[in-house]
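In the two assemblies presented below, chain A is common to both, partnered first by chain B and then by chain C.
After this line comes the complex of A and B, so read on.
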């Protein structure tokens, strides 16, 4: 722990800390371009020069390249240093265009800041500036190479941190060019991070281009709602339009970066089809009318059929506050027909995942620091993209990554691969739960046993599971295996990928409550007459759409509270528009059990761009803001129960009511969140596994999540829609030969949900006997929902 | 694409890549093979090299564009590199450059109309002890005096003819 003096202040830092970081601890910001906490030091920009007066090195040195040592006396602002930095900036500016007035980076440009701070206001260089041809880098990023200052941050982010291979640095010396081999979309699903790391305007957000100056944006700390990881983001809005999302630093979860689904999935908030008005029987009414009509209908049903005739459903998209108040309202109504997830198997898998000891649960930071990660039934890039990036960081530090999965899994890093079909998982997990034993009854158990031994031998072992493929039983077995592979001083941590941003919250609150299957039966048998859906879409998310459609059709009353035009909204008798994450405040609990609060970015309203149709804003005057009727679901619930919508009081109540949420009222949205202290009870009973038998002329149907098109909200984002692939099915070459199928040709897939015409893909890196289809909303594949037991299907040429 | 190298050459290079622990070590060997066969490396050449090496075209291009002895545009049969780095510059490389431009009737970066020579400045030929240095084709000339240039060029021309 070296102790040194920087600008007359003493600081002690861990061994290996560089002087730039040491100064930061004292609140001294040394100007820099190329140094980045996540990317490390390269000493390329020469801006972070400081003067070393005493100690092992003397004179002007780069602070990012100099490790702090005992006895150093550093001056970050001596006259010589300031002159040196001003000179460096002047060099950098010789080639930089004076186009700040038309540059999107303006206002958050490090070069602009440093140029002004460095005192370089007048250009002395009058010669020609170096210019380049820009490339079309696809739908997300604009390229403007003339502005480049050669800090190499983009290459270090894209290639080193994110594992991309199609963007890099070309040429040498004065001819450096940061780009691709030829024009075309950037291939990495983490390409959007280039926008955040570029210290000037070379790489900017195409979806945000020329929309706002950053100082005009409304911004607040928020959480990404597009998977269960809960990455920290900063959305920006203006003129009632959500205009962009940036990564926010949370060292425990995402670190400095986010995935492109998170960055560019924001468009759902501005969607022109978003329902913004309360509706009764598809007729637009006022809030008062709608609430009164619904409550009188509820009362009527309650009196006629009893309180058990009312079912309530929320989802993993709902905040903890909404879920809690739904539970409260169910109690007030006297109904025990309450469920927190429309997909029973996913529901119970989440409940199992939430029941484990939380000191065993791994954060993304734990993933980045592990030395062995074994993934069972997990496809990180599709189910939780930032997990893939965390695994890459672990591998860069020497970790071994093993993936056991039936699907063709792609990661931005090399890994060890075992293609194993889902029905072999139980054998594998049995072996995994028995380290240091020899008498295995199958080769699959033996594989599990050998992985278990490796986990036992590792220093920071990690077991990662995808709950969609594992199901509740598999999730439980993985937890048992982790326990068996743990030693007191080095526990084998686990991480599960869950359905949505607040699956964990729903799992904690549902305790031993019913699954949606039992609500379905209630509806089918006519016991349940009314269903109230809070940000839940049972029609799309219950695995059997025919059955859910028929059940919902039997209801006397379907009330839906949502922010998106879901399938269930179309069928609703009462509809109430709710706010998006960015338009309200709330709490989400991520897949490791971390409570994270988010703040309101802007108020809901039809974007000016839409209400003015791209022209001058409307010239008539009203007191109301168009489209501003959405309210937070927890706010509506408060009103329905006659409570005041007081967030602080509500959080204190949640805390007091359930000690698992201790600390909720103290949480700050810009902090690291807080782990749930105590796990929930293990669910008493789990739905049974019902494996369908697969005939010899049939294949097993496996529906899986995919990066773009599966998750509801991001699939509504216009800029991601163009990346949703045409519906396809993937089979093993053996099966292609068996059924005489050809790559790229149309095939007919006969499923229990109907016959579908799809394009065939053949992939050697998967198990035979399976037909894999992605969940793609808005396509013929829409009715197929992941996370179900495997079903039989037929495949034939068209 | 196959025309850039013979099937046999491609198979040989692929075998050598397989035998190398790090395929990137072989990038320059593959690029030189393509350049030797074609005089320069076209975009298709980069793509072929990428296939042989199991890398992305960008990863090959990063290296191809870093080195000025890999030609990414068509050049004459022989490329003349005149070192303009500090040692050669202090020993009169500027005079050599001017003299060569006169003799060949082209500016730096251009190719003679007969397609014989391309004239390029280079930042170092690793021959500082023999400054000023000039490289023509694969022959290095050290301690070159301006009056020697005409003879050197004649020699290089005849060598091609013979």
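After this line comes the complex of A and C, so read on.
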């Protein structure tokens, strides 16, 4: 622990800390471009110079490249240092195109700040300016190479941190070029991070191009709603339009970065088809009329058929506040027909995941620090993209990554691969739960046993499970295995990928409540006459769409509260528009049980760009803002229950009511969140595994999540919609030969949900005997929902 | 003593007034006769064009950031050739205090002040001016400056062909 003196203040830092970081601890900000906490030092920009007066090194040195040592006396602002930095700025500016007025980085550009701070104004160098041609880097990133200052942050982010291979540095000497070998979209699903790391305007957000200046944006700390990891983001909005999302630092979850689904999935909030008005029977009415009409109908049904005739449903998209109030309202209505997820198998898997010993649950930071990660039935890039990036960081530090999965899995890092079909998971998990034993009855058990031994031997072992493929039973077995592979001093941590951003909250609240299957039966038998859906879409999320459509059609009343035009909204008798995450406040609990709150970024309303159709704002004054009707779901629920919409009071009540949520009212949106400490009770009964038999001329149908197109909200974002692939099915070469199928040709897939014409892909890196289809919303594959028991299917040429 | 001073103080102003009664007036009979202000007078704002006849304003938001009363608003857009311009641009002159800070902030010389001062009206909306009303057909006070011919991003001229620029680097070659 070296102790050194910086600007007359003494500081003691851990061994290996550089002087720049040491100064930061004292609140002294040394100007820098190329150093980045997550990327390390390279000494490329020469801006972080400081003067060493005493100690092992003397004179002007780069503070990012000099490790702190005992006895150092550092001056960060001597006259000589300031003159040196001013010169560095001046030479970095010799080739600058002087185009700040048309540069999107303007206002948040480090080069601007440093140039002004360094006092450089007039270019003295009279030689010619170097120029470059730009490249088209795809739908997300704009390239303007003339602005580059050769800090190498982009390459270090793209290649080292994110594992991308198609972007790098070319050229030599003063003609370095940061780009691809040729034009084309960036391939990494983390490419958007280049926008955040580039300190100048070379790499900027294409979806935000020329939309605003940063000083005009409304921003607030928020949470990404596009998967269960709950990464920290800062969305920015202007003129009622959500215009961009940037990564926000949370060292426990995403660190400095986010994935492209999170960064560019924001478009759903501005979607032109977003329903913004209360509707009764598809007719636009006022809030008062709609609420009154719904309540009188509810009362009528309650009187006629009893309170058990009302079913309530929320989803993993709903905030903890909404879920809690839904539960309260169900109690007030006297109904026990309340469910927090329309997909029963996913529902119970989440409940099992939330019932484990939570000190063993791993955060993304634990993933980054593990030395062995075993993933069972998990495809991180599709189900929780930032997990893939966290695994890469672990592997860079020497961790071993093992993936056991039937699908072709891609990771931005090398890993060990076992293609194992889902029906063998139970054998594998049995072996995994029995480390240090020899008598295995099958090779699968033996594989499990050897992995278990490796987990026992590892220092920071980690088991990661995808609940879609594991199901509730598999999730439970994985937890048992983790327990068996734990030692008191080094527990085997677990992480489960859940359905959505607040699956965990729903799981905690549902306890032993019914699954949606039992609500479904109620509707089919006519016991349940009314269904109230709070940010839930049972039509799209219940695995059997024919069945859910028929059941919903039997209802006397379907009320939907949502922010997107879902399939269920189309069928609703009463519709109430709700706000998006960015338009309201709330709490989400991520997949590890971390409670995180988010703040309101802007108020709901039809974007000016849309309501004024690209022209100037209206030239008259009016009190009502077009499209500003959406209200937060928990606010509507408060109104329905005759409570005041007081968030603090509500959070205190949640805390008081359920001690597992302790600390909720103290949570700050820009903090690291707070881990739930007490697990929920284990669900009493799990839905049974009903494996259908697969005939010899059939394949097993496996529906999986995919990076773009599966998650509801991001699939509505126009820039991601472009990337949704044409519907396809993937089979093993053996099966392709067996059924005489050819790569790229159209095939007919006979599924229980109907016959689909798809493009065939052949992939050797998967198990034979399965047909894998991604869930792609808005395509023919929409009715196929992941996370179900395996079903049989036929495949043939068309 | 003080009485004498008081009498003098009472009479003197009357004397000054009386003297001016027989001089030529300095005021003019507005609106029959109009004063021509100095060229640097800070009157109504205009948006000018560059010597090539293109709109100078690049919708950089600097004027709106500088404006102490927040009376400028705009939306930027991109033309097909990469040129950034204002899709709409509005100045609310009923709020403007004619301080000129916006024109000082403007990096393209687009926004300039004119000598026009006749803005009084009972119809407030008449002085809420959109881009069409602000944009003139000339260069205003400077007929030389052309931002896009100096900024090195290849909008007005191909990349690397503005004055003082070398042609684009060939990234496939490591030769000097």
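The definition used in the following text is that the second predicted complex is superposed on the first by the 795 of 798 C-alpha atoms of A that agree within 3 Å, B and C clash if a C-alpha of one lies under 4 Å from a C-alpha of the other, contacts with A are read in each partner's own complex, and residues count from 1 in each chain.
One rule holds in what follows: a residue touches a chain if its C-beta (ideal position, glycine included) is under 8 Å from a C-beta of that chain, and two chains touch if they have at least 3 such contacts.
Note that the structure is a prediction, hence the values are computed from the model and not measured.
A.B. asks: Based on the superposed arrangement, let me know which partner A:763 touches: chain B (first), chain C (second), both, or neither?
C.D. replies: neither
A.B. asks: Give the label of whichever partner, chain B or chain C, reaches more residues of chain A.
C.D. replies: Touching more of chain A: C.
A.B. asks: With the two complexes superposed on chain A, say which partner A:180 touches: chain B (first), chain C (second), both, or neither.
C.D. replies: First partner only, chain B.
A.B. asks: First (chain B), second (chain C), both or neither: which does A:172 touch?
C.D. replies: Both partners, chain B and chain C.
A.B. asks: Contacts for A:106 in the overlay, against chain B (first) and chain C (second): which applies, first, second, both or neither?
C.D. replies: The answer is second: A:106 touches chain C but not chain B.
A.B. asks: Identify the partner contact of A:658: answer first if only chain B is touched, second if only chain C is, both if each is, neither if none is.
C.D. replies: A:658 sits against neither chain B nor chain C.
A.B. asks: For A:789, decide between first (touching chain B), second (touching chain C), both and neither.
C.D. replies: Touch status of A:789: no partner.
A.B. asks: Intersection of chain A residues contacting chain B with those contacting chain C?
C.D. replies: 170-173, 175, 177
A.B. asks: Per the contact definition, I'd like the list of chain A residues that touch chain B in the complex.
C.D. replies: So the residues of chain A touching chain B come out as 165-173, 175, 177, 180-182.
A.B. asks: Can you list the chain B residues touching chain A in their complex?
C.D. replies: Checking each residue of chain B against chain A gives 43, 46, 55-59, 61-62, 65-66, 68, 123.
A.B. asks: Given the complex with chain C, which residues does chain A contribute to the contact?
C.D. replies: 96-102, 106, 128-134, 144, 146, 170-173, 175, 177, 179, 209-213, 215-216, 239, 609, 614-617, 619-620
A.B. asks: Considering the complex alone, what residue numbers of chain C touch chain A?
C.D. replies: Contact set of chain C toward chain A: 58-62, 64-65, 73, 75-78, 84, 87-90, 107-108, 125, 128, 130-131, 147, 150-154, 159-160, 164-169, 171, 174, 176.
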